[in-house]
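In the two assemblies presented below, subunit A is common to both, partnered first by subunit B and then by subunit C.
Take a look at the complex of A and B:
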């Protein structure tokens, strides 16, 4: 499932790196180009294999493929279980993105601006889910929910996803805040903007690239999340990765490939959609 | 309508116990170009930030037209500010930057458009409405910042070293334009600078600050001609400072190495240790004569260094006793310059000596 994350992440990274060309001497240019192509092949190969698998009519992985067919896509979209899981995954991903973005951006602002004691410790704690195996986070949350006797509600799953996606938003927002000139906020207040107005007129537009990058990470990480979901979903209300995992236990056919292709396409749609609506590209230039 | 500002015994103490501003008191009059002048770390910027409302005084009060605004938040103070780095909003166009303050005041679109147009015309930036700040030169950014601050018709305009980033020619031009604009609009303007020439050239009055305190408040001529403290005398322009003990009669000062200075007639004729300042241009320089020097108002010496400044010549002269003195002579175009090694006689009027507080 992690394969869907890599193309989108590299797209963001490439967009960033393409804007800062280093001083490259002519003969080094070819080496540079070759290296980049090699990295791209390495990153894209798993996706290519998944796509081939999804389009190959035989019910097992075969190379070279014997033909092209959409039967696995048909089976995927016709399956009530898969469709329900896809819808639920999207719902969880959207809710997670919202909560992780609001919480993470607010936390980053407080950490960058407030004179809080132990700021470094708080940052380290907030980023710790990145270092902890997600399966342990899932297990710990599972035990906590059992202890609290709350069952396995959707909000519990969203809370778990928020926990593991929060570090991305905190990190990317802190990065833009690091270069933020606070005199711009003073200028706004001097011109009559209240602190709230200053935030929406000046601060938010200027930290948007970081917040947005964090939101994209949050969406993709949540949509692909398997280890945490495994512990927190309730039977009959499962996310797509968990449903795929259960399916894999008994069947291995092209439906898995078709589901992966749909996931990849969805991730791209989200990135491009955000780009078009809130203008990610214009900010990457900064 | 422009306002007066009263700063009444304001101090700012930071967490570590650092007194950035120490019992500062001054009255800034309506329509006045008032400069806060001093070296970096003297508390001038902190004072300005307290007037703007970005810092809260630890003690004391700030009043505008008699009303206490010490605890009024910055966005309700109705003051324009030009920042050192201009602080233009990078995500907005020139017109949007200038319109910002008007929008915050809830004016309608047509009024805003008209005022923005007029403000940009005033700073000669018409036609650049749709540019982004990053596409402008330093001088243009400076003008946008100025337009943005004055378009709201502020009660007070605050400037934090606004010309510091410009090159010399442009700087002088902007000094002139800012002064013109201030007079034309009758603005009360508080100007922070570390550049004494800038302060002398532009201000109606100057407060010289040092170590968080106000050393002296006065007009440029008062500050230059009658500095009251050793710091002011030393900081503003070139000067010769002598320190010594009054002689028994109390009429002159023994500054050691055989040099006695006659004190000005205005001096109170007390006893004890005293510092006096004498501006280089108040000393007359002539070829050495064999005649004995007049006690207290002249001395023989040897030119050590000649510095041709164009409009004037600055000499460094070592007196016979060993004192080193700066002497400035206007360049009349006819007089021959003294060269290092020349013997000279210096002469001055005791009334030009300024007695300093330490």
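Take a look at the complex of A and C:
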């Protein structure tokens, strides 16, 4: 049997010759499900625990919880530092989403329709901030701003966030553009529409789901972004993750739990919105 | 891109320019400057006399402490990757093979939920679970299984647990795509011919999913070695990794040159991983073309 290169064929032939019946089948099935449920618990339990501690009234981490109170939420919403950080994070996330969406969607359009040479290399470059350590993006930008003596402006932070969120928009928009019938655009132009009108009345509505999905990813990634922000925020003007991190270094009380619940709820609202409007499944392929 | 070579760029190609400018100014220029700073004796803006030097790299190679830091970073990355693979594979397999649409949507939500919870929040969750008075120790003590709390936090184990939780969704999503492309009939054929489900899996599905295993592992490894929050909070400032050292050089020592040299080392490791990752994904699509 020297010609059997495929592992599947080898298995089939060995199985055929051995003829082992499968008496362990039901047990194996239960084991498989039990293992997977254990893994799901590992994934989800920490998130549930955060909610428990956000509601537990004791001033330190205590388990099992002794009651339910909203005091940590009150403390979070009454804290000027946290509220300022939340507002600043939202501001940065909105600006980042706008710039990443406009830049990313235009780049995707150019890559899919512009007959650019070296498209593969350009796409790989534009997706590279996803895999290169974000802490390096932060460090390199920090050094550049120091060398150019521009201080730590908000636009510098937004530029850093745009760099790490742009890949999401490029990817989701390219995915839609590749599945899209170019004859629709040709038909519009044959019927006398100008290229500009074709773009706004045919192309844009058709790629909207991809652009929207990318925009929502950009918002969430920017809102939760830590390593780039760590280098680029100025004291007194920090994003929520940086404020939470600095708080966590010294305190471990329910305020962090409450802040966490607020950001989790925000992310979930955004994702459920995404699922309702465009459907998640086709956009989460890595 | 054979058709791109024969046709000329059209007007739409201009839409690439804003992004190209962003990458030139905020990505290539900064990384170039970082490379430059790593071989300079000081900041050329404030110091008029700067010279080229290899001392930052020499310091790294000459001092066993820095080599130990690099090795700790790689070791934590390797263990995280292996555990993430062991945990991620069964879940990815279930997601790829589940028949019910609702079931698939629920699993997808379960995998995405941790991804959409910020890194700082998830690290906080693991601090409440692993600390001396945390959930795990309190539960074990109240059950009478242990008398003294186990030292779970401020250890490499604690860091690995936190990192696995944060990066396992990337492994699951990469693997699900690859396993989903393997024709289920191959497994069924093996089982019809008498192989147990386990044997059919080990000899059919597992070998065919190797490129996905490779791609997912490289991705998780690249993410794990560049993590900052989780190692610093779960390691309690006691375990030093490359990203922690880089930030410390900036924030406490103001040694921009040495930080840049450390950054270049991390960049080279990551670039090699990115190239390998793209190769691995190329294997996946190559396999699909063969089918």
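Methods note: the second predicted complex is superposed on the first by the 225 of 286 C-alpha atoms of A that agree within 3 Å, B and C clash if a C-alpha of one lies under 4 Å from a C-alpha of the other, contacts with A are read in each partner's own complex, and residues count from 1 in each chain.
By our rule, a residue touches a chain if its C-beta (ideal position, glycine included) is under 8 Å from a C-beta of that chain, and two chains touch if they have at least 3 such contacts.
These figures come from a predicted structure and were not determined experimentally.
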First (subunit B), second (subunit C), both or neither touched by A:241: second
Partner chain(s) touched by A:205 [first = subunit B, second = subunit C, both, neither]: first
Which superposed partner A:78 touches (first subunit B, second subunit C, both, neither): neither
Partner chain(s) touched by A:267 [first = subunit B, second = subunit C, both, neither]: second
First, second, both or neither for A:34, with subunit B first and subunit C second: neither
First (subunit B), second (subunit C), both or neither touched by A:44: second
Touched subunit A residues, subunit B compared with subunit C: C
Overlapping contact positions on subunit A, where the subunit C interface meets the subunit B interface: 195, 286
Touch list for subunit A against partner subunit B, complex: 181, 183-184, 186-195, 197-198, 201-202, 205-206, 286
Touch list for subunit A against partner subunit C, complex: 7-8, 10-12, 14-16, 18-22, 24-25, 28-29, 32, 35-36, 39-40, 42-47, 49-50, 53, 60-64, 102-104, 106-107, 109-111, 113-120, 122, 124-126, 128-129, 131-137, 139-144, 146-147, 149, 159-160, 162-163, 166, 170, 195, 220, 223-224, 226-227, 230-231, 241, 244-245, 248-249, 252, 256-257, 259-260, 263-264, 267-268, 271, 280-281, 284-286
Touching residues (chain side subunit C, partner subunit A) in the complex: 1, 3-5, 7-16, 18-19, 22-23, 25-27, 29-31, 33-34, 37, 43-45, 87, 90-91, 94, 105, 107-108, 110-114, 116-129, 131, 133-135, 138-139, 165, 168-170, 173-174, 177, 186, 189-191, 193-200, 203-204, 207-208, 219, 222, 225-226, 228-229, 233, 243, 246-247, 250, 256, 259-260, 263, 266-267, 270-271, 273-274, 277-278
Residue numbers on subunit B that touch subunit A, as the complex places them: 52-54, 73-81, 83, 85, 87-91, 100-101, 104-105, 148-149, 152
